[in-house]
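This is the structure I want to talk about, given as structure tokens.
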Amino acid sequence: MAQVKLTSVAEAMTMVGDGDLVAIQNMATQAAPMGLVRELVRQGRRDLGVVCLVGGIPIDWLAAAGCLNRLIGAAVSMEQFGLCQRYRKAVEAQQIRVEELSETALNARLGAGARNLPFLPTRGLIGTDLIAINDNLVMLDDPFGGPPVVACRALVPDVALIHCHRADRYGNVQYEPTALWPDLGIMPKAATRVIVSAEEIVDTDVLRRNPDRTVLPGFMVDAVVEIPWGAHPTSFNPKYGYDTGLHLAWTKAARDDDATAAFLERYVTGPANQAEYLDRVGGASRMAALQRWEITT
Amino acid sequence: MSLAPSAAAANPPANAVVSAAAVDWRSSPPAADYTVDELMIVALSECFVDGDQACNGMASFIPVTAFQLALRTHAPDLVWLAGAVGLDPKPDRVPASTLEAPLWRNSVMYVEQYGDFWTFALNGRWLQKFCVGAAQLDKFGNGNNSVIGADYHRPRVRLPGTAGLGDMGSIGKQLYYWNPNHNPRAIVDRVDFVSCAGWLGGGDERQALGLTGGPELVITNLCVMDFEPTSRHMRLKSLHPGISVEQVQAATGFEVLVPPGAIALTRVPTEHEVHLIRHVIDPDGMRLREFGK
Amino acid sequence: MAQVKLTSVAEAMTMVGDGDLVAIQNMATQAAPMGLVRELVRQGRRDLGVVCLVGGIPIDWLAAAGCLNRLIGAAVSMEQFGLCQRYRKAVEAQQIRVEELSETALNARLGAGARNLPFLPTRGLIGTDLIAINDNLVMLDDPFGGPPVVACRALVPDVALIHCHRADRYGNVQYEPTALWPDLGIMPKAATRVIVSAEEIVDTDVLRRNPDRTVLPGFMVDAVVEIPWGAHPTSFNPKYGYDTGLHLAWTKAARDDDATAAFLERYVTGPANQAEYLDRVGGASRMAALQRWEITT
Amino acid sequence: MSLAPSAAAANPPANAVVSAAAVDWRSSPPAADYTVDELMIVALSECFVDGDQACNGMASFIPVTAFQLALRTHAPDLVWLAGAVGLDPKPDRVPASTLEAPLWRNSVMYVEQYGDFWTFALNGRWLQKFCVGAAQLDKFGNGNNSVIGADYHRPRVRLPGTAGLGDMGSIGKQLYYWNPNHNPRAIVDRVDFVSCAGWLGGGDERQALGLTGGPELVITNLCVMDFEPTSRHMRLKSLHPGISVEQVQAATGFEVLVPPGAIALTRVPTEHEVHLIRHVIDPDGMRLREFGK
């Protein structure tokens, strides 16, 4: 039915080049493609831009590793674990330039990119200071004589990084019933390339049992890799919760340059593969606890 | 196969649980041992009534506790969209995150965000009240979660970002600000950057831009404030028991309007409300995290 | 959790007034809220407008009964059963005015209506004659200097009629996994009022088992009624197929005024309720055959 | 719980079925007893190759049979979105409707229409070929499914309506028209109303509007036609065996361009192709409904 897209994480991430604009799935402490993000750091990508809805720990790790020079998004926060301190410092040092958008404006930019429209309108943001500072937003009169709108210029990320519950080797992507945020609903459709990590690669016939749960067709996907627990330390409902302990360890390390470097070496660049990473973060017993959504510090 | 009506259609049941809760709520005496978190939750809860739809975002322990309190007392028909995802959920208790799956356990619907949630929010008939937590809030009810400092591109402090506030302030919502730490750096004369549109420069400036809705109330650990209808300037509405006008002024970065005559006292939680908050809705005390505990 | 919306079909349809613009779910031979539509005819509504994606037999019955004076839609066709002849004759006699839109233009008009935007753009229709004849479409330059778009004015139907697999008494609407067309995906969200018929009314706890299958929240719905086999003679996958025999009987009757009147009396205005209607179209044994997707003439 | 890779990831299997089908297809001789429906299906099938995504609308028996034939012969990696809903379905046989659920049985994905299908179609990278059936088709490849008559608001005949064609003609698709009843009222000098944009007035008029793609082929029961690249005027490409240029001209409402020299013959279906069409893909002969049978 289609081409085989299954590959290794190392091979997949060579599709991301220095300077690329990378859309990353992530809602605060949820559902980030962490296996793919760690590989970006390991491969030493530079001058990346990030597009995110509400970015959390992957943004902070990429900022800490010096991979980023710009970000387009609605917010960056780890919610209960606070602001992303390495990201924040890099922005304050003007090393990362931020295009801050409201959620409807980000959705409109991505929706226009996905549909090959030059812009889409929103009625959000009117009255805020976020319009004047942004060349990608402009007030536009309604041609029918109604109220004006904010035209949001089409945004086409170079690549989108997505994590899912299961996929087949052709890149058909399935998601279990849970929250469906715009970073899965629209972001990958806007991107030029899509790289997907899956908790599990399954035969296509497994996907046919629940065609309503397939969220991306294989023809949109350029590479798919199997990374069990691939969203850790973010949550991946319903399979597992976020890792409180690793988030806290990171927020502590992030206060200090040496501790940050040691943390990145131990958890990000050091492990040669997902199995080594999982060993270092606590192995099967810890994953079992997260699977029960236990809050383990 | 049956051509007959289903049992659920034929026998709409009385909602016995709701009635019992309503009776308790009405007859319960003021609590002697309430705390300020409970006072704020009760004050916010009163803003949400039957026929409203409420939703919450990240780190919103006070709103999610207030919504659940309203549902169990005066507003059994309130619709709650937990985390802007889960419709009418039945969480065991307030969990450690207000944007993770444990909050929306046992929902009737998972609302997809891109198409559905924002359609509901933009439409103008639903979700017409929104609770806002902002790092900075000014005398005209504008919010700032973007940057501290004069130049957006050279911020002294990078804040998390506007997220949904940049929308909610502009699309006709009634805004309810809450702040558990009323201080002059948080409640300021003018925000450094408007990332949530309030009454803008005051007066009819908001209306002139074609915006409806706007800031309604500010509920802090010291008092409840509203906005004077002509100037749209923040105004004292009620003092929490034991707090003085002077304490409020000292904690505020501008001169709060004080209406003439005696200042009302914020209603004290009832024993029943305190019981629900402490033992039923939030037994782990997650709401205290908003107070740095 | 919400207000009770459960009522009778007769009571529900009093929410539709003469002259209203009525959005009707229907894709050719699929998924039309036929129980609600028949009640519209029985109650003798006049001067109705219809909004449909691809309208089939309900449009033809409404046209035959003289209920319609305008239609906004992408097509009217019963696919294998041919054009809707009574509708066609009424249009050719200038009794029904047609605003014909492409699918993306209809979606854009409804999407703008649902989101309280004055318009949404499409790149469809450019070059066709459908733009010049329509005041609700206008070419608009891209404010960012890209290619022009077709601005599609917001459309807000007065009421949307929807059929679903199950609902609770609060109007929460669930759909089994199957095709999800825009007339369910966006049309009810644009309408001022929403009336839903359900194959079955269930307890809310039944809906909680599959929250991903709930497609409309109760707060959007104004009335919900139980009408088993409520889409007949259109299909309602996966529960039942379309009724070939009744479609053929209609296309034969529609050729002749007397036969049309007799058909409407027998199947539309005559039956006092859904049970009587089901008796007249073949009762339980025929429904069982349709449930097996048998093509029964 | 396992931390090891799954079996499906570790063992990508060879696709044995596809290979066998490919061999049959290449070595099969021309069929002696093919019929014109099969000839048209084969001709359309050849237009869809590996890497393409194909979708179909209502009453499209020839396209859906052609897609399935391509999948079983030269294009095993073709992606088919049945009814613009079901991804890679496995229908038992061509059913009585090409827009009802039996066509998309056993799909990998149900594509939601409003958000997803039209996003895929508008994007410009996918679904780049589209089969069009139009009541009227003119010499520049414009289609009409709207009205017959000079005044849109006073039609002599009300046709079904543009549905998706009004989009597909304008958003960069390569259009493949099929018509099993080539006659001068269907293939006309100028359509009464353009409801599917083709080459418009010919020449570079389409390009001047910023439109890419455009009509590629017209496959009828008499011949295959393309469009001359400069004038964009319809031109004979191949004659079906036994059909003359004169028969084509007599059946066409304008003078078809005829290239100099011998006219090619449309390729005759192989025995394998006829077998697949008659006995595997469409054993009920639903495709003959397009010929009024």
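Every chain is named by a letter (A, B, C and D) in the order it is written, and numbering of its residues begins at 1.
One rule holds for everything that comes next: a contact is a pair of C-beta atoms (placed from the backbone, for glycine too) under 8 Å apart; a residue touches a chain by one contact, two chains touch by 3 or more.
These numbers were taken from a predicted model, which means no experiment stands behind them.
Peer 1: Taking contact as defined at the start, I'd like the list of chains shared as neighbours by chain A and chain B.
Peer 2: In this structure, the chains that contact chain B and also chain A are C, D.
Peer 1: Averaged over CA atoms, how far is the centre of chain A from the centre of chain D? Could you give it in whole Å?
Peer 2: 39
Peer 1: How many Å are there between the centre of chain B and the centre of chain D, using C-alpha atoms for each centre?
Peer 2: 56
Peer 1: Send over the residues of chain D in touch with two or more other chains.
Peer 2: Residue numbers touching two or more other chains: 86, 110, 114-115, 118, 122, 171.
Peer 1: Can you list the chain C residues in contact with two or more other chains?
Peer 2: Each of 111, 115-117, 122-123, 147, 177, 185-186, 211-212 in chain C touches at least two other chains.
Peer 1: Which category does the touching pattern between chains fall into here: line, ring, star, complete, or other?
Peer 2: Shape of the chain contacts: complete, all pairs touching.
Peer 1: Given the complex with chain A, which residues does chain C contribute to the contact?
Peer 2: 115-123, 136, 138, 140, 142-144, 146-147, 149, 151, 153-154, 177, 210-213
Peer 1: Any idea which chain B residues touch chain D in the complex?
Peer 2: 114-115
Peer 1: Would you pull the chain A residues touching chain B in the complex into a rising list?
Peer 2: Residues 27-30, 54, 73-77, 79-80, 83, 87-88, 91-92, 94, 97-98, 100-105, 107, 111, 122-130, 133, 147-148, 177-182, 185-186, 235, 237-238, 241-242, 244, 293, 295 of chain A touch chain B in their complex.
Peer 1: Show me the residue ranges of chain D that touch chain A in the complex, using the header's touch definition.
Peer 2: Chain D residues touching chain A: 1-3, 5-6, 8-9, 12, 50-51, 53, 71, 76-81, 86-88, 90, 106-111, 115-116, 118-120, 122-124, 126, 171.
Peer 1: In the complex of these two chains, what residues of chain D are touching chain C?
Peer 2: 58-59, 83, 85-86, 96-102, 104, 110, 112-115, 118, 122, 145-146, 152-171, 193-197, 200, 206, 209-211, 289
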